[in-house]
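To keep things clear, I will list the structure first and then write my remarks on it.
Letters are used for the chains, namely A, B, C and D, taken in the order the chains are written, and counting of residues starts over at 1 for each.
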Amino acid sequence: MAKLIFRYGVMSSGKSTALLQVVHNYVEKGFKCLLLKPSLDTKGGHKVVSRIGIERPVDHSILKDTDIYALIEKEKPYAVVVDEVQFLQPNQIEQLYKITKILNIPVLAYGLRSDFQMKGFPGSTRLLEIADEVEELRTICDCGKKATQNMRLLNGVPVFEGEQNIIDDKTDISYKSVCGECYLKFKGEL
Amino acid sequence: MAKLIFRYGVMSSGKSTALLQVVHNYVEKGFKCLLLKPSLDTKGGHKVVSRIGIERPVDHSILKDTDIYALIEKEKPYAVVVDEVQFLQPNQIEQLYKITKILNIPVLAYGLRSDFQMKGFPGSTRLLEIADEVEELRTICDCGKKATQNMRLLNGVPVFEGEQNIIDDKTDISYKSVCGECYLKFKGEL
Amino acid sequence: MAKLIFRYGVMSSGKSTALLQVVHNYVEKGFKCLLLKPSLDTKGGHKVVSRIGIERPVDHSILKDTDIYALIEKEKPYAVVVDEVQFLQPNQIEQLYKITKILNIPVLAYGLRSDFQMKGFPGSTRLLEIADEVEELRTICDCGKKATQNMRLLNGVPVFEGEQNIIDDKTDISYKSVCGECYLKFKGEL
Amino acid sequence: MAKLIFRYGVMSSGKSTALLQVVHNYVEKGFKCLLLKPSLDTKGGHKVVSRIGIERPVDHSILKDTDIYALIEKEKPYAVVVDEVQFLQPNQIEQLYKITKILNIPVLAYGLRSDFQMKGFPGSTRLLEIADEVEELRTICDCGKKATQNMRLLNGVPVFEGEQNIIDDKTDISYKSVCGECYLKFKGEL
């Protein structure tokens, strides 16, 4: 029986690189592998772009009301890979689950676990609740410890209030991956 | 820096046994290790009881409004272990996080990830969002695959509607750990 | 296809407890699960005994020349669990592999990874090379870090020379689980 | 205390991609990260090349008698990353261990676990015995299951006898990653 796997990690943990490698492995073996990305993520346009210098066109851009189950049932791929899965809706995550159990097609979803305020993204939270396997992709904080939080910077200065979804593209917003200790220090709670 | 670790598993996956082993390992080395349990879980009274035949008294029963951070700050243990963590409140999970980062005391929390309807418990969901490490304790379904769902039985018959929190103690309610495929088959969706 | 799984850990990491829980989970569901133990390990006699206070009789004591494949082919259990697997011979580990692939019966093997001199046990080394999954059971060093080494004590004093296999039963030999740093400090190399 | 981490995987599991991402993450943060590769591996020359299309020059080519500990003690990097670690000598693996414990510099080593005959490479075997953490990088077999074996092909035909170390570069030798079941089928044992 196919599995729904959630591989989460903070920004710059290498999620896109890992995802592109997985797609590459399937395609190299001649398996049809569909690459999906929520339309909400406009960074990179209709491509998944890795900081390390590789990219791949997205097969389907997913809208808020896209029925992913119907899409996959029609396309019948060997496997499904989702980038930036945190931007999917909770009911779309349940569609991913049914894709694995009813259609028996594996789904590997990559994304952030929580936002710059340590709040879950609704899509990621639903995934954490129902994924068959949950794995972490790791990177380090400037202090050397494992980074677990996505700190938001406004013109380079840490901020802890604001909207959840602001893409770090063509704005004065950027993100920095830090450990929980450094996060609380920047926030003045430690 | 101390970590907040969430070890989740379905019913009968051996969570209590694993937890009691961890407490045993700390205590054997002479470390003060506090064992906490939400008061909502009345099974076993003020003890953690494992099906395999071992038990241990709980050090503190946690009410809905207990300030766990204040409790631990006062007690200053070497480590904190929590049983049935799914019954804690989300803000109490945030207290556990601060215990690890501000007091530098490790917290190991054991519990269910989701209920009989595949919905998250608010406490577990918050843990999945912020825990430094998330690990699964596994057991098998009757069919041999990994069990991931807690199916509720009313007088032995699977039911898929009802309240979230009913302890399987002195009632006609019981639970069965099944894989996602068997769960959907029992539910008539597969 | 069934898997050969190696769960290793230092002494006192809770291997026997975890193993007994696994056997319990199988038996509780009505599955025939065979518990094997090398005859070389005389501690506990024909039982697996956990420090936490639980035990279970061993189904088969394995000699150096026991053909485990033939034994399991005849017994046809649902699953096989092996305690103290480090005392098996490398060719017996290969028999375990064939049990999983040819007979399609899962094998879960628990044991030490390396001895008091940081040398591998031949059986464990072969398992590390071919097991389908390798997982670590963890416990802590007195210093709080993860214990990874089994330090041998002679009348309570650390020793770093001697035979590989001396059971800590009715002798003046005992063992202490320590982290790599403390191990090298005791050894005078750090 | 720094850790010695072994990330193993079969051929084409994405080891080089994952390794280059790790180096990238360190360098991007301004940390000095040394990339080492045994001289025995002549594929790609003095570079690590990933099938997915990225590469990076190697900082040091390691000979059979290179004292890696002395090299790192002199260079004092923030972290050490090793590609094709299976070609190091066992005593060089012990040098890596001391680098982490005495110099407190983390070492991440990537490589194969076993050869085309399911025999361990001496360097990898030593790593499996002493690494602080052992993790698997996975890919799939043509049959869809997890690939765990490196099957050797001579002009496209599976062979099960021969020397351990033949690089698949400018020869009639190639390798195919398969699951244990398919491996035994090709070998005629299943």
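Convention: contacts are C-beta pairs under 8 Å (C-beta built on N, C-alpha and C of every residue); 3 or more make two chains touch, one makes a residue touch a chain.
Quantities reported herein were computed from a predicted structural model and do not represent experimental measurements.
Relative to chain A, the chain whose mean Cα position lies farthest away is C. Computed centre separation for the pair chain A/chain C is 39 angstrom, with centres defined by C-alpha atoms.
Centre-to-centre separation of chain C and chain D, using mean CA positions: 27 Å.
With touch defined as above, chain A holds no residue shared between interfaces to two or more other chains. Every pair of chains in contact is given here: A-B, A-D, B-C, C-D.
Within the complex formed with chain A, the chain B residues making contact are 1, 97-98, 100-102, 113-114, 118-120, 124-125, 128-130, 132-134, 136, 145-146, 148, 179-181, 184, 189-190. Across the complex, chain B meets chain C through its residues 12-14, 17-18, 20-22, 24-26, 28-29, 51-54, 139-140, 142.
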